[in-house]
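Below are structures written as structure tokens.
The following pair of complexes shares a single chain, subunit A, combined with subunit B in the former and subunit C in the latter.
Then we have the complex of A and B:
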């Protein structure tokens, strides 16, 4: 880059300066609303919690980080969150692809379905959490009523860790998959038909076309979905809070509920912020890997 | 280069998204201080300097009070509907900041730490009183409340609003869980008197479990509310959480006995609705109003719902009773009240509001409007003489108020929210049999000791 700047004409330089001055206010706002809180949160994470409560700062080094990393509840929450993220994103992609490919084919009513699939996106997670809690209710919930009709033994969903996870993941799929579907549809819409036709002429079947023609072209789309959904899934809070409260027995405790409780019921601001920072580092690392994966493939 | 920018941006977006969720304490804090309400001090009495309560002489015209309250709460709706009366009498304008209960604690903590004075009066839920008072976020009110008023309030009510012997909030609502039971099913089962002891309660629950109706519910969702009922079980077994010298006493034989009794009802008698261990109070009121359970322990708020035929199938088939005793006749008392923020710039005006809101007549009107227990003796008199209430209402309000005689403050320790959080794991873990009673209580004791040191 430095080699090129020398050769830029004065006119071009002027043009660029004007451009920079135009985006400067926006950058400034971003700086204030993003970096200031970020730095502040970092400051809290290396300060003593009691000092924070008194609006002051007492440097304690990485003590908060160590106490968080050796906290069994944090490690359990980390494990639970990773399990949740992997499971839900895998399922979201599988369901997302099936539905997107069906809708993309312009089957009858596909426009209506596109609209219907967008509905969960407009529902607040808290609302949908409550709605699913009623649906999964054991005495009057419709899910258990249907299972009963089918002659299946309906579980008491929120009394076991495994079935609690099923409830959380199903509720989350309902909320999050529509986003995956819509972005995939947009991605599919941008593909050229020519390649598909060429593949068909060469004798590729549908499955081969999907894996060797469509999928590689969708890589940027998948990447976008992956990055957004990863960060979102890592932050899951509302659904867990409403459906299980992290129970039974801490079996569905996730990072956000852990951080929330550390800060707002235990007043351990330092540890809470340290945990939040660790989570941020994990997510940054994951998105970095995603980016790397994309650039390697290109 | 472009790719690098893209990468950085991706990382930035990621981080931002993350912080929006987790680091809200910091962002909210910065905005909190800019939100400061500008109040005009026409009377020039911004500080508590005026020691004498020369209420009549003070002129508050133009003063604006900001009150942080729970949105949608029936009590608060009552005050909102009547506040114009106060406004026209004093010239003070009241602004309500309404916050859902789940966010209230977090919002108040942020406000208290930033010390901005943006909220003058907090609508205080019981466990926050000692927590906030110990950190100096609430104004002491003991000197402001007259002796006459002090004698009129129930002892449990003021005790539960105090920390270290000082009053920090004036209660407008004090309650303790009571039992709601189905009079028709009791008659069918031939039970003539409501159980007075745990054993009688257990027997009744067994008898009442039939035809798809369960005897009772024992809440055990991993959340704060079910823990408040667990505290009642502990107290009735003669146990406790923290003793008078602030020692953690969770791992006691008495508390173990409480759990063993609950487990026996749940798994041996099978008189407890099996999904119970995933329930909180919302499930309880739904189940009761759907007629699926014969006896439930719940808060007085359920009374108005349960007698409303539009939402309840059992509107004319139930009554309320004081909880049965174990070794002790005891429950925990919980209050809602108004406390003054120590960073408020309108403390005298705020006190005027509290005096108005917690006056004998207002609390009686509140009790009548919402069929609630009332925290003042003189208010109960007004309620029992009111002609708009039915005998059933009056009797029930009397039971709810009588129940307070046996009620104690459970939240004297400022770390109660932490304790409550730890106990929510214990309750849920033991009742779902993920841990044994001994292990669960030992773990809880260790965790609570660690957390509150």
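Then we have the complex of A and C:
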């Protein structure tokens, strides 16, 4: 009896050791090149910036956090980022649903269409930003030429805050909507046909079917997309850097560009780090809320 | 019947319009890359290049482009290879040999995604400077590994978790160790998932910009993203060179996407789906 439990625990021990030998190398690497630097970043956020540049540390408590939170530029960047995140994700879902439902009908050429819609996913945000900057160019840009043809007034896109946002959001939609389309389509593929048919028999029209039958079933898929897109949209940097650089007049400054400038233009490492930790806190809180919502569903 | 046909044609038409919108920026970049400098600035813009010229491609290839692409290839190759070599066993370990003790470790791994890259720019910049790896490929490779590694662990843990227990039990009876099972049994049957995980890691480093911008300063280590952004200066923008570089830039990503198209969605949502 005792011999048997002994042999089991030896086997169990062996299993455990095997598991650790598989996991340990990656964890060690992550510890050294991610979590130690992250800790260092936190130390920087509670230290004086000049001390950091000279490779030393001078504890200043939460001073950097307070000065960031009372910095009007940071608050503006936070506001801009929230505006951007809400606008782009809303539009991504609307366009995403329309295209996914169209693709779901499996008309001729669906496979080719699906492949085409996957293309922007592979394009670097920097390259996409440059492409859209060229498309939105003032005089020799094709978009303004088209608007001219249609008899519409073609704006100088990057001279005004509002039109700059249009350019950023259009470019971002081009980059990010394909993800929403493809994942929604995968979610639609997993729906039960019977429910839709039952709804059709009950005389529900298409719009009713969508809101009362399809949408509730897609909730897990929608949450997955929301978590991924929220964390991604909150950290937008490349597109804004290329398209507007945060301008005109700081009107399109987002959190990442604000922090980057604090660091590499003003050399305020402490404040930059404190701002980054505040952003991290926001992202964590949002993901936590989404995850909680998700586990309530299950 | 005919109503259905009309609906289908309408759907086809709408999808075709969306496709044109999706492809147009890339097509326009390709057209621009073939135009002469004079033609590029025609008002209103000419739709097609005539005469088409390869001069921008020639400019790019004889310029800094070879250095940039060499750096991009080296950084991407080594960061992906190291991340896969570390990440595949770790994902397998978490999936099949997980205990109560490894749970918080896995949670920490997934938490990496919550950290915005800009938060890591400061410590990486200072550390890389202090160990004298500024403006080197090694500095970039080190920086990219944690992001790619966590992506790979995340995606593959879910996949490995779905492999039926019996497969491993049979192999265990044959006397294979955990590493033996992974290498001889599990890996051969997981090629497509490992491929997609590798593709995601590839895309991260191939397209990464912020770290490359802050950690490199000369063409000895600058990658393609930094190189192409350099065509836009405050004084002048070199649209021809930018377009030619952009087209060359996108080709490898397109080829890989085409190869992995079937498993792409699985890769994109991995990690968010609870395994």
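Going forward, the second predicted complex is superposed on the first by the 260 of 298 C-alpha atoms of A that agree within 3 Å, B and C clash if a C-alpha of one lies under 4 Å from a C-alpha of the other, contacts with A are read in each partner's own complex, and residues count from 1 in each chain.
Heads up, the rule we're going with is that a contact is a pair of C-beta atoms (placed from the backbone, for glycine too) under 8 Å apart; a residue touches a chain by one contact, two chains touch by 3 or more.
None of these values were measured; they are calculated from a predicted model.
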| item | value |
| --- | --- |
| When subunit B and subunit C are modelled together on subunit A, clash or fit | clash |
| Touching partner for A:115 - first (subunit B), second (subunit C), both, neither | second |
| Subunit B versus subunit C as contact partner of A:84, first or second or both or neither | neither |
| Partner chain(s) touched by A:40 [first = subunit B, second = subunit C, both, neither] | both |
| Partner chain(s) touched by A:251 [first = subunit B, second = subunit C, both, neither] | first |
| Partner chain in contact with A:55 - subunit B first, subunit C second, else both or neither | both |
| Touching partner for A:29 - first (subunit B), second (subunit C), both, neither | second |
| Contacts of A:259 with subunit B and subunit C, given as first, second, both or neither | both |
| Subunit B or subunit C, by number of subunit A residues touched | C |
| Subunit B versus subunit C as contact partner of A:159, first or second or both or neither | first |
| Colliding region between subunit B and subunit C, picked from 112-120, 148-156 or 202-210 after the shared-chain fit | 112-120 |
| Touching both subunit C and subunit B, counted on subunit A across the two superposed complexes | 33-34, 37-38, 40-41, 44, 52, 55, 139-140, 227-228, 231, 234-235, 237, 241, 256, 259, 263-264, 269, 272-273, 276, 279-280, 283-284, 287 |
| Contacting residues of subunit C [partner subunit A, same complex] | 7-8, 11-12, 14-16, 18-19, 22-23, 25-26, 28-29, 32, 40-45, 86-87, 89-90, 92-94, 96-99, 102, 105, 108-109, 112-127, 130, 142-143, 145-146, 149-150, 153, 177-179, 182, 203, 206-207, 209-210, 214, 224-225, 228-229, 231-232, 237, 239, 242-243, 246, 249-250, 253-254, 256-258, 261, 264-265, 268-269, 272-273 |
| Residues of subunit B that touch subunit A when the two form their complex | 1, 3, 6-7, 10-19, 21-23, 25-27, 29-30, 102, 105-106, 109, 113-115, 135, 220-223, 273-275, 277-280, 283, 286-287, 290, 292, 415, 417-418, 420-421, 424-425, 428-429, 431-432, 434-435, 451 |
| In the complex with subunit C, residue positions of subunit A that touch it | 15-16, 18-23, 25-27, 29-30, 33-35, 37-38, 40-41, 44, 52, 55, 99, 102-103, 105, 107-110, 113, 115-128, 130-135, 139-142, 145, 148-149, 174, 178-179, 182-183, 185-186, 224, 227-228, 231, 234-235, 237-238, 241-242, 255-256, 259-260, 263-264, 269, 272-273, 276-277, 279-280, 283-284, 287 |
| Interfacial residue positions of subunit A with respect to subunit B in the complex | 1, 33-34, 36-38, 40-41, 44, 52-53, 55, 137-140, 156-161, 164, 227-228, 230-232, 234-235, 237, 241, 244-251, 256, 259, 261, 263-267, 269, 272-273, 275-276, 279-280, 283-284, 287-288, 290-291, 295 |
